[in-house]
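In the two complexes below, chain A is the common chain; its partner is chain B in one and chain C in the other.
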Partner chain A sequence: MTERLKEIYGSVPVIGWLIGMLVAVVTESAFGAGLAYALYLPKVPALLGLTVVLKQPSMFPAAILYVFLIYALPIFFAAGLTAPWANRMAAAMEALPLWLSAILHLGVLYLVLHLWTDMSDYRLQISKLTMIAVMLTLSINVINGYMGEFSCSHPGFMALGAYASSTFSLVLFRQDRLFGAPILPEFLGPYMFPLGLLLGGVAASLGALVVAIPSFRTRGDYLAIISLAFMFIVKSVFENLEVLGGPRGMGGQPHWATLPAVFIGMAVCIVVINNFVNSTMGKALNAVRDNETAAEAMTVNTRRTKMTAFMFGAFWAGVAGGLYAHELRYVNPSSFGIQSLAEILAMVYFGGLNSVVGSVVGALSIQMLSEALRPLELFKWIIIPLLLILVMIFRPTGLIAFRELNVKRTLGPRVRKSGG
Partner chain B sequence: MHKSRAVLVVFFMFFMAFSFMSCGKEREARIKIGINAPITGDIPKVGEGTKYAAQMWLEEIEKAGGLQVGDKKYKVELVIEDNESKAESAVKANTKMISEDGVLIIIGPQSSKQAIAAGGVANDYKTPMISPWSTNPDTTRNRPFVFRGCFLDPFQGPVVANFVKEELGFKKAAVLYDVASDYPKCLAEYFKKAWEGINGPGSVVAYESFTTKDADFSSQLTKIKGSGAEFLFTPQYYNEVALIVKQARELGFTAPILGSDSWGSAETVKLCGPACSGLYFSTHYAAAGAKGQTKEFIDSYKQKYGYVPDDVGALTWDALRLAQKAIQNAGSLTGDIAKDRQAVRDQLAKTKDFEGITGKMSFTEEGDPIKCAVIVRISDKGEFEFYKQVCP
Partner chain C sequence: MALLEVSNMTHYFGGLRAVDSYSLAIDPGEIRGLIGPNGAGKTTVFNLITGIHVPSEGRVSLNGRSLIGLRPHRIAALGLGRTFQNMLLWRHMTVLEHVKLAHYSQISYGLMSAFLGSRKLSREEIRIEENALRLLEIFDVAHYADQIVTNLPYGAQRRVEMARAMAIRPKVLLLDEPTAGMTTEEMIQMIGIVRRLHEQFKVAILLIEHRLKFVMELCGRIQTLVFGEVIAEGTPYDIKNNPKVIEAYLGREDIT
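Here is the complex of A and B:
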């Protein structure tokens, strides 16, 4: 029986699973509320029942039953049933250019996410913050994973991005305490938002340049120390810049970090970073990490490579910071301190170095864990670090490390028809 | 292989049997009240005070058999969420309580750092929120659904300045504050402005700062000593207060040191010891020598949890009582949460002369209370004695 299951589900391509998920979320929006009522659940379990586990343990079995009926059953049923068609579809899409096929897959994924988050605002918020965390984790993976340096300035880059893009939108589009009347009409705002994010990213990479110039003359621990110092410098600069609110922070950003905005941001980030690390530059980066002298001898311009990668990573941290600021709609220098650094590092080392999938997994699991364990209060801060220690002992490089993501093979069909 | 599968099936069935555990229970209407508190993170003592005050309030309601609204008695449920002293978590907690738990009103978060961000969420979803302790004007600005339970810094700064002028008659002031922390910095600024307004420019002879987590203040204190200041105003938190006062005395600075409501923690005296006795600070209420319902609250809190509640506990208690009163004044609950939230908000905004344990309160248009401040003297026994009340 196990063999048979393996045979069926081994042949389901990515699009098949996506169809399964689509069926599940459609089922949920049709019957979810009714089923929850029948099971005496107060509401549709928001995060697959994760949040009720510790809050109301007596409801946990009902939540599990709900998850089984609404998610597990339809997903496996639909995925298994449609596998032959899905394979044909995947084969057809394989014939298309890769970018088109990727966009089609992402479109279905977005549809799933949209329907799923439509059920609850809490889900929506957690999903958005998780996607921002994915971007942050990926961007630090470029530096700490692919480049192999230990950089601690990520919260600083995030702060630069958050402040730059907030200033952009507040100065141009919002009546506000710090900058007064808007310059442009507000309806233009959402269309200009990408520009604001770009500005945030550029600000962060300029910050990275400032760190990189002195620190890449040295190696190893020195970068860690210089980048840590940079983080504190950024924080105190914002604390003392009265124009940007000083320690009181900056509030009132428009709520432009909507689901499509964050999703597109994350998708572009994943695609670009994946292409970057698989490019010649990415390979050169790995060479520099493994042996700088040897890389230099093999005509790699190590200094330029390192600089580019560092600024590239910082750029995406800045974009993530911009999205973060427009989701929380309040930034404060103390949000970008050592605690936020610890969280980002935890996500990247938990998920796995040198791997795009690992970063996604790390960000997702740490975010979900910290949501699920919040009712434990103090013990949460014992359990999560403990898990991290266990991962470090048994898988020192993280859960899914050093694995390349081959988009073409991942999206392709699992079973090839003879002659098809 | 077969055995393990059988075990799995049995386990699963056993487990599923529990899924009907909660069946048959009555689906009764409950009033849910959200508490957004910093139980872990930088200021766990604040979170603890919030939680304890809320639990005490709930017990009192349960003793009465529920909350009487109109002609119906409702069961009350507290939804306590930990915001980890982070803005992001405070926002998540608020969203969860509003959209998942369906709370009628939210009490918290305490610090402005979280309250500003969380207040945005509460206002967007049209859910009333009272932050008992947040002093930043941005928390309630342009947010009809957000209220606060304490006075603001622009009021407290002049209170201290006037008190010193009238009671102690000094002319030259020194200020020492944390430049990286929102609350001390703003209060220091308001104090300086008020003091210079009374005594003319240049009357603040030393205006020294440090940054969060500094522990050595000797260079700033030496400057202050050398400046000829007659007293020092330092609006810092309890852990820093102890360090500043002790180091000042060691350096031979003998003039009085004054503080603000951030001193009002049980920890201040514990850490500072006799060095702090005889000093004054402005705050929300005085525990020693309290009368009436304030005394009742302090006594039952002390009996339950073993220490005198600090101002966070008292302000949370008042916020809960405000919420309770607003819910009761709403007349009746329709069961439609959006309508009920609106009704509770309207009642809150109408609050006039509410008798709280931290003084009488009326809300302004912005949702800020008009209330009196208290000047407290730390007695030789280390108690916070009532010295004087200052009203706006």
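Here is the complex of A and C:
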């Protein structure tokens, strides 16, 4: 029996699973509310029933049943049933250029996400924050994983990005208590938003330059201390800049971090970072990590490599910070402190160093866990670190470490010949 | 003019004179040896030539171009390849990645291409990969291409390191104890490998060795370094019979 299941589900390509998920979310939007009512649930379980586990344990069985009926059953049913068809589709898409096939897959994934988040605002916000967390985790992985430096300045980079892009949109497009009347008409705003994010990224990269230069001289513990100091410097600078709201922060950013904006941001981030780390130029980061002397002797410009990695990682942290600011529509210096650092580090070390998939898994699981444990309040920060300690003991480099993501092979069909 | 020319190179580590007016001139296609007891300063000579340390005094030039003050990666890209005594391999990388990465200075695409995965990038990556595979073939490690380098047997790791050094297209190859930790049999095999790469790539070689048989077999001329000073220079035969060399290796024996 299990053999047979393995055979069926081992042959489902990525597009097959996406179709399954699409069927599940369509089922949910059609029958979700009704089923929740029938099961005496107050509303549709927002995050696969994770949030009710601790909050209302008595509803747990109903939530499980809901998840089984709405998600598990349709996904497995549809994926299994359409497997031969999905394989043919995957084979057809393999003939297309890789970027086109990737865009088609991402399109379906977006559709799934869109329908799913349409059901509840809570879901929507958590999804967006999770995608931002994916960007942060991936960008810190470039520095801490691929290049193997222990950098602690990521919240600082994120703050630079958040403040820069917030200033951009508030000065140009909003009537605001800090900056007064807008300069440009507001309808232009959403189109200029990518520019604002870019500005945030560039601001963060410039900050990274400040950390990168001492990193030529130091490694390991010393760099960790320097970068930690940088994070605190950034935080106190923003606390003391009354122009940017000081400790009270900045509010009223326009609501431009919509689901498609965040999704596109994350997708571009993943693609660009994956391209880079798989190129020979990006592999230089690994060589610098594993042995800098040898890297230098093999013609690698290690200084430039380190600088690039720092600025590149910081750039994406800045973009993520910009999205974060426009999602919460409020930033203040204390959101970019040590707790934020702890969360980012937990995600990257839990998910796995030197791995794009690991970063996605890490960000997703820590974020979900943190939502599920929310009723525990402060104790959440006992359980998550404990889990992290366990991972460090049993898998010191994280869950999915040192694995390359080969997009072509991942998206390809699982069964070469049809029939048989 | 010689290909690699070192003249009166002196280096101090604090108050210690590690290398004392060392001079060397290698012509294209030559194989030279550098021997000496432990701590004589042989590896320091390599580190000075390749730019890891900057010599306190003296000149180093490759093809007439001064190397003093250049960063190691520039010196390497000018055509100075090397291996290390303790094989500085990258422990998380595969064999193929090692050799591909040593093409770093020859990469023609820019950072933007690397980010966006342009067509230029994929063409260049294919070219580099083909070249790397060819080198792995020559050093007889092609069947390990996708393995993590630390999983390889010791001798194969040595050969990977040499393939990596050859990928930078060196004019002069510096080999730092290529037979360290090898059995006699492996050493004899290594003689064949060095000879073959010398013929195939027409590269000049400077090698450090402890094992006299290896040096005697390969080198046209040998220098003996003791406490940072060259005490003898000549053909293998001269060196073998030079009383100063015998003394440095075996100590003096007063026969009464």
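Just so we're on the same page, the second predicted complex is superposed on the first by the 416 of 420 C-alpha atoms of A that agree within 3 Å, B and C clash if a C-alpha of one lies under 4 Å from a C-alpha of the other, contacts with A are read in each partner's own complex, and residues count from 1 in each chain.
Quick note on the criterion: a residue touches a chain if its C-beta (ideal position, glycine included) is under 8 Å from a C-beta of that chain, and two chains touch if they have at least 3 such contacts.
Remember, predicted model here, so these are calculated numbers, not experimental data.
K.L.:
Have a look at where A:402 lands relative to chain B and chain C in the superposition and call it first, second, both or neither.
P.N.:
The second partner, chain C, only.
K.L.:
Who does A:279 touch here: chain B (first), chain C (second), both, or neither?
P.N.:
In the superposition, A:279 contacts chain C only.
K.L.:
Applying the touch criterion given at the start, work out whether A:410 contacts chain B, chain C, both or neither, answering first, second, both or neither.
P.N.:
neither
K.L.:
Answer with first, second, both or neither: which of chain B and chain C does A:296 touch in the superposed model?
P.N.:
After superposition on chain A, A:296 lies in contact with chain C alone.
K.L.:
Once chain A of both complexes is superposed, is A:29 in touch with chain B (first), chain C (second), both, or neither?
P.N.:
neither
K.L.:
Check whether chain B or chain C contacts more residues of chain A in the superposed model.
P.N.:
B
K.L.:
Could you list which residues of chain A make contact with chain B in one structure and with chain C in the other?
P.N.:
Touching chain B in the first complex and chain C in the second, no residue of chain A appears in both lists.
K.L.:
Looking at the complex, which residues from chain C come into contact with chain A?
P.N.:
Residues 50, 52, 71-73, 76-77, 82, 84, 88-93, 97, 100-105, 107, 109, 111, 114-117, 121, 125, 128, 164-165, 167-168 of chain C touch chain A in their complex.
K.L.:
Touching residues of chain B toward chain A in the complex: what are they?
P.N.:
The touching residues are 15-23, 25, 27, 39-40, 44, 81-82, 84, 86-89, 91-93, 95-96, 98-102, 112-113, 116-117, 120, 124-125, 136, 138, 141, 179-182, 185-186, 211-212.
K.L.:
Where on chain A is chain C touching in the complex?
P.N.:
Those in contact with chain C are residues 99, 271-272, 275-276, 279-284, 286-287, 289-291, 293-303, 308, 354, 402.
K.L.:
So in the complex, the part of chain A that touches chain B is made up of which residues?
P.N.:
39-40, 42-43, 46, 51, 58-59, 61-62, 64-65, 120-122, 125-126, 129, 177, 235-236, 239-240, 246-249, 251-252, 255, 328-330, 332-335, 339, 371, 374-375, 377-378, 380-381
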